[in-house]
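Let me begin by handing over the structure; questions about it come next.
Every chain is named by a letter (A, B and C) in the order it is written, and numbering of its residues begins at 1.
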Amino acid sequence: MMKSINELIKEINELKSDLHDKDFLLTWEQTPEELERVLKTAQVLKAMRQENIATNVFKNGLAVSLFRDNSTRTRFSYASAINMLGLAQQDLDEGKSQIAHGETVRETANMISFCADAIGIRDDMYLGAGNAYMREVGEALDDGVKEGVLPHRPALVNLQCDIDHPTQSMADLAWLEEHFGGLDKLKGKKIAMTWAYSPSYGKPLSVPQGIIGLMTRFGMDVTLAHPEGYDLIPEVVEEARANAKLSGGSFTQVESMEEAFKDADIVYPKSWAPYQVMGRRTELLRANDHDGLKALEQECLAQNANHKNWHCTEEMMKLTKDGEALYMHCLPADITGVSCEEGEVEESVFEKYRIPTYKEASWKPYIIAAMIMNRKYQNPADILQELLDEGQKRVK
Amino acid sequence: MMKSINELIKEINELKSDLHDKDFLLTWEQTPEELERVLKTAQVLKAMRQENIATNVFKNGLAVSLFRDNSTRTRFSYASAINMLGLAQQDLDEGKSQIAHGETVRETANMISFCADAIGIRDDMYLGAGNAYMREVGEALDDGVKEGVLPHRPALVNLQCDIDHPTQSMADLAWLEEHFGGLDKLKGKKIAMTWAYSPSYGKPLSVPQGIIGLMTRFGMDVTLAHPEGYDLIPEVVEEARANAKLSGGSFTQVESMEEAFKDADIVYPKSWAPYQVMGRRTELLRANDHDGLKALEQECLAQNANHKNWHCTEEMMKLTKDGEALYMHCLPADITGVSCEEGEVEESVFEKYRIPTYKEASWKPYIIAAMIMNRKYQNPADILQELLDEGQKRVK
Amino acid sequence: MMKSINELIKEINELKSDLHDKDFLLTWEQTPEELERVLKTAQVLKAMRQENIATNVFKNGLAVSLFRDNSTRTRFSYASAINMLGLAQQDLDEGKSQIAHGETVRETANMISFCADAIGIRDDMYLGAGNAYMREVGEALDDGVKEGVLPHRPALVNLQCDIDHPTQSMADLAWLEEHFGGLDKLKGKKIAMTWAYSPSYGKPLSVPQGIIGLMTRFGMDVTLAHPEGYDLIPEVVEEARANAKLSGGSFTQVESMEEAFKDADIVYPKSWAPYQVMGRRTELLRANDHDGLKALEQECLAQNANHKNWHCTEEMMKLTKDGEALYMHCLPADITGVSCEEGEVEESVFEKYRIPTYKEASWKPYIIAAMIMNRKYQNPADILQELLDEGQKRVK
């Protein structure tokens, strides 16, 4: 095991990266080598924890969190990530804070960052706004450093925005790498990212967009399927198409779950709201139009109900490669008869893949920590080697 | 002082314990030696803090907290305990999280635990549910470890359930041990656990149940007294009766505060709701029946008002051994003329014992930390010795 | 830079101080040497962070926070301060806790402090109550230590009260010292603390009171200006007058912003509510009189609207020394056309001084940490020297 950590560290060192100088806000803004660096850094951090080696690189420092939406998994993943690096969490609660009272983003970004080394933001409610907000924060931080207000540039972590969900998709990729035994093993594998029925509405687009945007980078055959009218943001679909061309994989759109599942090595059936609906919803949220929001919800739920056959059943799974495709989900899944009457997935299918989905999720803390390390250090490999050499126990 | 720490460590080493392999959810599930181990571990931790010796055994790691009810004392005790061990707190707020949206306990338990070393739960609202919920979480964690999802098993801490309040009763026991100069000094001492009038309603049963369940283990003469109809859970009363028989003490039930206080060495007058009422309340809470809850509250307050003579007055205290019994309370007490018009205890009695009740409370952080250490380490004595030998200052 | 840290440490050592034995609740209760000690300690801590030297003096310990009002800046400043010293934050949320249910201050102060090294309180809502509450807490803590309940006395930090805002005014002073190149350079400088129009109401008095109470200690010419009826607490104004006499500066009250700005080296235009209004508001808050509060707000907003000419414009700035006075603000400012239609300051003026106001704010974490260190250590210089000698990196 020790040897494999050493090997990974060596490999990290050989990968070119500018992650030290930019925020990791969309996976498709990073080079394949940069993505690999993050994956390998995460693997080292996970292996070190298994080996009871402490990974504290900060003696003190704050990691700010800003969640504009409910969250258990992402909240705990971020808390775990910053804790393993030695940072303390400080929540920026807009209800409690004066942000709600007209403060500018620029000012707040500086005020919270005098002693901050990381800022994690989840902002997926408003189409066209979340990712843009993160960039605005990033620019304010750059400015703060340039002007001598901030002693160092905090790492910005996109914990989910309107466009991408890079900590999720990278954790998913780390899991696929673990499961199939290497990134190179993913070439030519078919992954079906499909819509699935759920009795809820307004689920963000960032997961399916993140998956098609990232998996097309590694020579996979990515197939996207959804009912008519459940489009993703067109620019992201274009991005995926271009990625596939470059990486030697393929990107295909089909119109049924059956067609997508056919011979798939991996299936990712998950509900989302059409991007047009997300756009209307954004306008209604901004206008604080409660009646409009309720009407839209009713309309969408009715529309969803026409597509209950988008259901990941045992029958459907039989269509996949040898009937044994890997089922993935970002969790929580809407499980028929468990968390809802009719949902995304049949109970027996979910139960078969329950532990694999937990393992998939378990990568997220390490991915986030790896993103922070690659933003803070030009050569994270040197730091990891230092931690390894010191060999301090995490638990006495 | 140093010598006494050394002696305690030696004694811990000689006590047999399986606490490493089970969660400490009810005191009567632990052997006397296991209970002593926790007490002595707490004593060492408290002495080390006095001596300015750092007790950090974790370089990093999360301690999850889940409070289903308001709490200052327990919240701060848990925060103190995990902080002295080197863990960082992460609150699982069900309001903020997706638990409320149908997630299963099993899934959540794993999702929050990838980097967690302890999980503290307070769940005393629902009769028949709190302790059961903790066991369900424990099983999910065991499964997560077995399946390779979790790198290690977090310690589960019962911060109060419907049946027991082990961190409170163990802190109370540590205080009695300190006050009377040893566990053996408690043999034959009479402790009166009595109901007392309070203008509030719905106070949990876990404190009186915890006290009669634990104090009967050490050869004490435990007397329980309450007005007719204010029964505790019958199974716990049976447990206390059986314990007393085994330990060579006694367990007696009487029908007046006067009789209970007679010749008592220790008195613990405290309000609680009848368990039958707690059962009805649980049903109403589950049904979200606000009107029903209000009606029940009115009924109970009226019933309480018939028993205002259950009041710990100076007159009442005169009945105790030499008129000088030790007054105990888990705090906050309902003090007549201070926190309410008519309550559990007369102001002059409380004032006389105010500092002792504070000292009683001060044990809780150390008891919780001791529980975690005994769950995480087969031989906590070795670790304590290591901390002592290193002698790192807690404060420079 | 290293040399300058050494010099500062030497100077701290030479300053007499009783800060080890008292809480820093009002700046005018501290001697000039004590104030200088805090400033220099803050400078050392800030320089150490710049030099990547860890300033952890606690291996573990809690820092309690109690905010009775919304806050981003103060919350983050306190979090940063205690984190750089090695403490973990624990919020005392009165909504969540049992304080609301009649607990006495005395009891709560002890219950939260078994493992606490610092307690930061912001309590500026109730005139006559905030500072008094802090003293009550302080006495309870003294008593807890004396009675053997608490192993050590937590440092109490006034994060804003009804009378003073010492962490703000001391941060402002640190900024002036940095900007003008030394405390001695402030002698004879004119600072104009003036009211300014804002479309909000109920802003506390603690900032202007803190400024006139502190800046008069250093030989500055302090001019206070506000519309008729916008008085500060008379006793604080008397304090400022007496301070000025002692320090060889001056304290002047004038009736227009123009007169105050004339030849000023520094201007601090900021809105506040008349203290008579704050008194009435306190009564209404205590009585939970929502209608009364609304009526008072309307009355005050109407009164404010008569004074929109108290506006820090470019024209107004031209009156200052060479038209180049330093603009200060505790932030967030009400910026005309940005955060409100008509406010305290013209956008172009604020924009010119935006970065300086950020630098002003950046001192607060270090001032708070310095206050805690001077309360906990008789000779903080020795500890700072130890940290410097050890030279542990804050970030690997």
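Just a few scattered comments:
Throughout what follows, a residue touches a chain if its C-beta (ideal position, glycine included) is under 8 Å from a C-beta of that chain, and two chains touch if they have at least 3 such contacts.
This structure is a prediction, so every number in the text was calculated from the model and none was measured.
Overlaying the C-alpha trace of chain B on that of chain C calls for a turn of 120°, given as a multiple of 5.
Judged by shared residue numbers over all numbers used at their interface, chain A and chain B contact each other through mostly different positions, with under half in common.
Inter-chain spacing, taken between the CA centroids of chain A and chain B, is 41 Å. Multi-chain contact residues of chain A (touching two or more other chains) are listed as 88.
Chain A makes touch with chain C in their complex at residues 57-62, 64, 88, 90, 92, 96-99, 101-104, 107-108, 110-112, 114-117, 144, 147-152, 376, 383, 386-387.
Those residues of chain C whose C-beta lies close enough to touch chain A in the complex are 49-50, 54-56, 67, 70-73, 75-77, 79-80, 83-84, 86, 88-89, 331-332, 338-340, 355, 358-359, 361-362, 364-365, 392-396.
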